[in-house]
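Naming follows writing order (A, B, C and D), and every chain is counted from residue 1.
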Amino acid sequence: MIFAALSPQFRSIENVQNIVDAAAVLAVVTCGITFVLMMGSIDLSSAGVMGASALTVSLLVANNRNDNDFGLLGIAVAVALGCAFGCLSGLALVLLKVPSFMATLGVSAIGLGVATLLFAGVQPNITDAMLKSWAIERFLGLSYLTWIAAACILVGWLIQRYTRLGRYAFAIGGAEEVLTLSGVKVKPYKVAVFALAGAFYGLGGVMVTSQLGAGLVQAGNGYDFSAITAAVVGGTLLTGGRGGVLHSAVGVVLVMVLTNGLVQIGVSPYWQGGVEGLIVVAAVAAAVIPQRRRNQVVK
Amino acid sequence: MSVPAEREPTTSAPVPALEVRGLVKHYPGVKALDGVDLVVHQHEVLGLAGENGAGKSTLLKALVGLVTPDAGEIYVRGEAVKLRSVVDAADHGIGMVFQEQSLVPNLTAAENILLGGEGGAVRRGVYRWDVMRRLAQEQLDKIGSKIDPLARTDSLSFADRQMVEIAKVLRIEQRSQHPPVIILDEPTSVLESKEIETLFAQIRRLREFASVVFVSHRLDEVLDVCDRVAVLRNGQSVGEVATAGAVPRELHRMMIGSTGSDDHYHENAATAVEAEQPRLSVRGLSGQTFRDIDLDVAAGEIVAIVGVHGSGREDVCRALFGAEPTTAGEIRMDGKKISLPNTRAACAAGIGYVPAERKTEGMVGPMSVADNMTLTKQKARCSGPFVAPGKQAGLVDRWIERLSIRTPGRDTPIQRLSGGNQQKVVLARWLVGGDIRLLLLDHPTRGLDIGARSEVYRLMRELAANGVATVLLADSLEEAIGMADRILVMNDGRVVAEVACPNGGKPSPLDLVKEMV
Amino acid sequence: MSTPVAMQPVAEPATGRNGPRAAQRLTGFMPLIALVALVAALAVADPDFLTARSLTAVARTAAPLIVLAAGATLIVLCGGIDLSIAALASLTTVLLALWLPHLGGLATPVVIAVAAAIGAVQGLAHVLLRIPSFIVTLGGMSILSAVALVVSGAGTVRVVDDTPVAWLELYLGGYVPMSAAMALLVVALIAAVLKATPLQSWISATGYSESAARLAGTPVDLVKIGAFCVSGACAGFAAVMLVSRQYSGGPTMADNLLLPAVAAIVVGGTAITGGHGSLWRSLAGALVVTLLRVGLPIVGVPSAYEQILYGVIIVVAVALTLDWSKVSIIK
Amino acid sequence: KPADVKLVGQVRNESNPYEASWLAGGDAFAKTVGLTQQRLTYGGDSTKQQEQISQLLAGDTKCLVMNVLPNGDSDTAPIVKGADKAGAFLVTQWNKPADLKPADYQTWISHITYNGVESGKQIGDALAKSIGGSGGIIALQGVLDTAAAKDRFAGLQESLKANSGVQLLDQQTANFSRAEALTVTKTLLTKHGDKVKGIWAANDDMALGALEALQQAGKAGKVAVVGIDAVPDAVTAVQNGSMTATVSSDGTWQGGIGLAIGFCVATGKLQVKDIAADNRAFFAEQFLITKENAADFAQPKTDPADFDCANVFKRVAGPLK
């Protein structure tokens, strides 16, 4: 709102398109991380997982490094790889009992390592027409990637609302011990949630590849903290049990509007990060003030 | 695990629904169960009584597969079984309502009821909300509860949540083809008397198609609702009593091995209050859930506040401890105006608070008994700014002895103690400093056995005799009447009545109930 | 004024000591065991690695990380997290580099005080505004980075005359690097203060159950603000070490130490949920992490495999060091 | 005793083409002298770089030759001091504060860099020419805290002075990153619309990101793009006309030459005192690559003769100012 007042360009249709398009990848990643946050866990693996899946997809679809041309199958494999990495985080959490913070940090490092191995010194550029078109072709003014993100949000919401996986993820954040007492085996669900999140990151990696036209090891750089920021700004609690995919979608839009708005009104690049941080803190503070009651615990 | 086949009835006597023989369970430093025998017949309500730490919860947890016994057998309808998990137990038709409520707060009531056994409500991992609603409604109808199955659990009242728990436990009927055994571990300790009546009606109804095991420290309740009472002491079965014609005293004797005193509330020890100036004087205190509270408590006086759920009395207590913001009003201690921006200030003013939610607010579970006891009072354990371990240890040991707290040692994490003993440690926290002037007790005897209760009451009397002012949110009206010198009745955030309650001139519970609603 | 309670406890103290069991004691040493195992593994991979010179270099390298992790450990023990330590250290390197020419030897205590104050401000924001520490310090991280960029003009600030901080580059007795000794001193000092005062139990109580601690009258808010303040001061001191090592200050100099510092805390076995843990564990953890960071490439592990190994080892190390009996639910 | 020499090449990471080619060049040189290069990467993390160096110097340093890419200007001083103390031979590239001079040291043999002001100006001029000498352009800056980013931008400003018709509409940092360049360019394109005639990027990665943004905005081919580094993809883009120009910085050569200089000194074929002062810190030759000459740069190749002790300073384009 403020930006709209400060900058006429901000209000333009193109800019709205731009914001929505730019939000696509973050939306998909945030969708995945929301499920993990809902459980009260945290996930920092997106950077590594996205890197690995970006390299995988760029080496499987038509590209300049090898003769592969698997098209959709290649994309599916990349998403499945993300899923596998998610599984790995989940297994480390439930079997080795490593807190998710560390488990996912470790998996992120592994993902980056795998990505570097696949990279092998030469940048793979994609020539696959379909994957490239995702970022370029438009439908109703928005790029295909944006529609894919919208579909992800819808799927995420359906999972959250209508599947046992989604509801249990929510319940685990609310009272994990109660689930155990009720005879629910939570471990498989935890692993499944991480795997689901991993699949979203995998798709995110594919989307970045489509945008950049090349598989980058750094494809997921910075998405880990941005996604958490977006989810939290949207109202998801880091302690779990509250929030959801729709909340996160709103959070993503807010964060993107903010980033875009700061560039539009010409805030010095030095200050941009700082202003963003300040606004995030302010947003959360404003959100918690009405709920400030009782001997409530804030960690 | 397959459902055990019904045994041919060889004799005319029906097979007991559940039988336990020689159950043993060791914990580091304690023998929680020491060869317990127990029989639960079909269609009976069995009471289980015993002091704090007698092993009741441990026994029950063994029956639902949460605790693996070191030795002994469990027979379900004559069949020896090994129960490895809650699911295992549910498959055998055994379900439990736990001592602490166990519902997922951010799910709907329906989901909670069906949790872990959704049946037709979830097909291939996909929810069918309409089916879920119907199935949950069936369960709720069974116990006659009127709540909306799709309401979020944390929006329900405490009593309604208890109903949800019972509805949830009844689901095990669907899992085993047999009449279920339903275990209720202290379900009444957090309920109001009206809600207790409803619950008892439920229990009597359950008897038609199930067996019930019921635990409570209120012996009159036990005798009221149960057919038979089994008594545990120190992890051993010490006998059982048919309730017809039994009196609480007899039960109590079995529990502790000797006759208790008649004077439950130690009314003889009550001291006369001579109030020149009130110790605590509150004028026009208002907060989010209460308004215009006036309250005077003299040194040595016990003032009880009664009211129904949501009357705001708990928040008043917290406000007096600086744990809840106030919007107006003034608080004086011994005539001097004080402000209570935080709990620290209250402690400094000589105010102590025992919260009702012991597990989450009263104690720090993983920390030792000693640390829990000395968390607040620095002088008690420090010389200068530094902790003096010897001083602390001696002090703690003496208070453990003084309040007969049953613990393997002062370094044991408090969460390993039984509920009653935990509560004693929490109380002791305010006493170790020796400078307490006002005690705010929120349900201080919740979950305590009759002996421990009696001790807490005596403690309160002794403190009063030494000039400590006490505000009591009692567990029951009887307790309020028994202990208090004066009773305030709160309703909807206001003090609506004040009833004098001197020795010899006690009001009846009915008088109070009239004011409360 | 105060009413003495005549009701005195019984005189003779009951005896009932039960010391920690052997298994428990073993979990306490787990971080050390992990450390020794790692050194042994690196020595097998490259026998040259196990020289006094090489190990001293590790200790010297680890010093800033140890200090950084030690401060943040306090916040983790209180149940929070501090994501701003690295950014704060970066900012402090800039400030120190800018102020050294004017303040000389005084610059060191001044920047440490400034860093402590910045930490305290974040603590205040966390406590007063009731914003989760994750968010406050995430915001703090971006804000401090921005300030560092602006203050430094987005460039490195050279320290021409580094004599006031050069003492950190000396070697005690010709062998022990001064920075490592100072890091050890910081850890020992904080640990000793905690142990000797009620702070230890206040911090644990806050970490295990904040509401219970508050209702017991523990000064939870002060403890938390204090933890943030100490964490800030530690970040400041780490920055001094970095400046003495790099002869300059830079707006992003320490930024990459954030995740290693958090990893050090967790690898040490401190529960990220709060309550259980210690600074000594973080010390061992910081050494493990440093060995992984520098040891793997030096013994010749290729870059891609280095990252994979780092990920695997760190997860396994945490699995080994965490004392599960103290942590009921692992999120 | 060439066999005793230990060769170490250190760059940020192996996951970008430029630095990967650097390490490949180092390997290629090492092979010609029958040795292997120890590859070190520090992931763009200054502290990690220092840690690795100090660990390295704590080992055997008698015949150690290091070819190092310092992460930023500030990282050079400690590396130099450490190497000097340990007596290890050191060649640094790209980043160095102006007042720190190899001439003042014994074992810091040389510092090699490219003239960022010049390359920034060259591509600026090429850009101006391709948009016909007038119109608006936007600039994508590199990591603000590096000399390369600042010099290159200074070059652009010189070029702007010379081409008064060209107007700088906006400048933002995209941190040398392809992904960030994509977002920033998109935003700037919507902000300035059709006024944007050209995009000046401080490196090729960002230029390639900008190309993607143009494609997504449906403006591919309508806006001229220039970059620096001559990574293979950029050279291809210049070849097929989607990019206007880039400047070669020959990673393969850089990776080999640093080790070669060090090796020559370590084996005594060169004496530090014999090296001309101008060769102790120098700008290496660089070439503006446009459509005409792009084909020559399409494949990075090393010429073993470049690394001959007699030739190691053949590509010196001038002393550091």
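We take it that contacts are C-beta pairs under 8 Å (C-beta built on N, C-alpha and C of every residue); 3 or more make two chains touch, one makes a residue touch a chain.
Protein names from UniProt, one per chain: A, C = ABC transporter permease; B = Sugar ABC transporter ATP-binding protein.
Every value quoted in this text rests on a predicted model; they were computed, and no experiment measured them.
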Completion exercise
Chains adjacent to chain B and to chain D under the stated definition are A, C
Completion exercise
If you tally C-beta contacts across C-D and across A-B, the winner is C-D
Practice task
Averaged over CA atoms, how far is the centre of chain C from the centre of chain D? Could you give it in whole Å?
Solution key: 36
Practice task
List the centre-to-centre spacing of chain A and chain B in whole Å, with centres computed as mean CA coordinates.
Solution key: 44
Practice task
Provide the C-alpha centroid distance between chain A and chain D, rounded to the nearest whole angstrom.
Solution key: 33
Exercise for the section: Please compute the C-alpha centroid of chain A, do the same for chain C, then give the distance between them in whole Å. Expected result: 29
Handout entry: Junction residues of chain D, two or more chains touched
Key = 13-14, 144
Fill in the blank from the handout: Residues of chain A that touch two or more other chains sit at 112, 116, 177, 270, 295
Exercise for the section: Give me the residues of chain C that touch two or more other chains. Expected result: 149, 154, 211, 214-215, 303-304, 306
Problem - Those chain pairs that satisfy the touch definition - result: A-B, A-C, A-D, B-C, C-D
Completion exercise
In their shared complex, chain C is touched by residues of chain D numbered 13-14, 38-41, 43-48, 50-52, 54-60, 72-75, 77-78, 81, 97, 99, 144-145, 150
Exercise for the section: Sort out for me which residues of chain A touch chain C in the complex. Expected result: 39-42, 48, 92-93, 96-103, 105-114, 116-117, 176-177, 225, 228-229, 232, 238-240, 270-278, 280-281, 284-285, 288-289, 292, 295-299
Problem - Residue numbers on chain A that touch chain B, as the complex places them - result: 161-165, 167, 170-171, 173-175, 177-184, 241-242, 293-295
Handout entry: chain A contact footprint on chain B (complex, rising order)
Key = 66, 85-87, 90, 98, 102-107, 111, 115-118, 122, 125-127, 129, 168, 288, 318, 323-324, 361
Problem - Residue ranges of chain C in contact with chain A within the complex - result: 79-80, 125-126, 129-136, 138-147, 149-150, 154, 210-211, 214-215, 259, 262-263, 266-267, 271-274, 303-312, 314-316, 318-319, 322, 324, 328-331
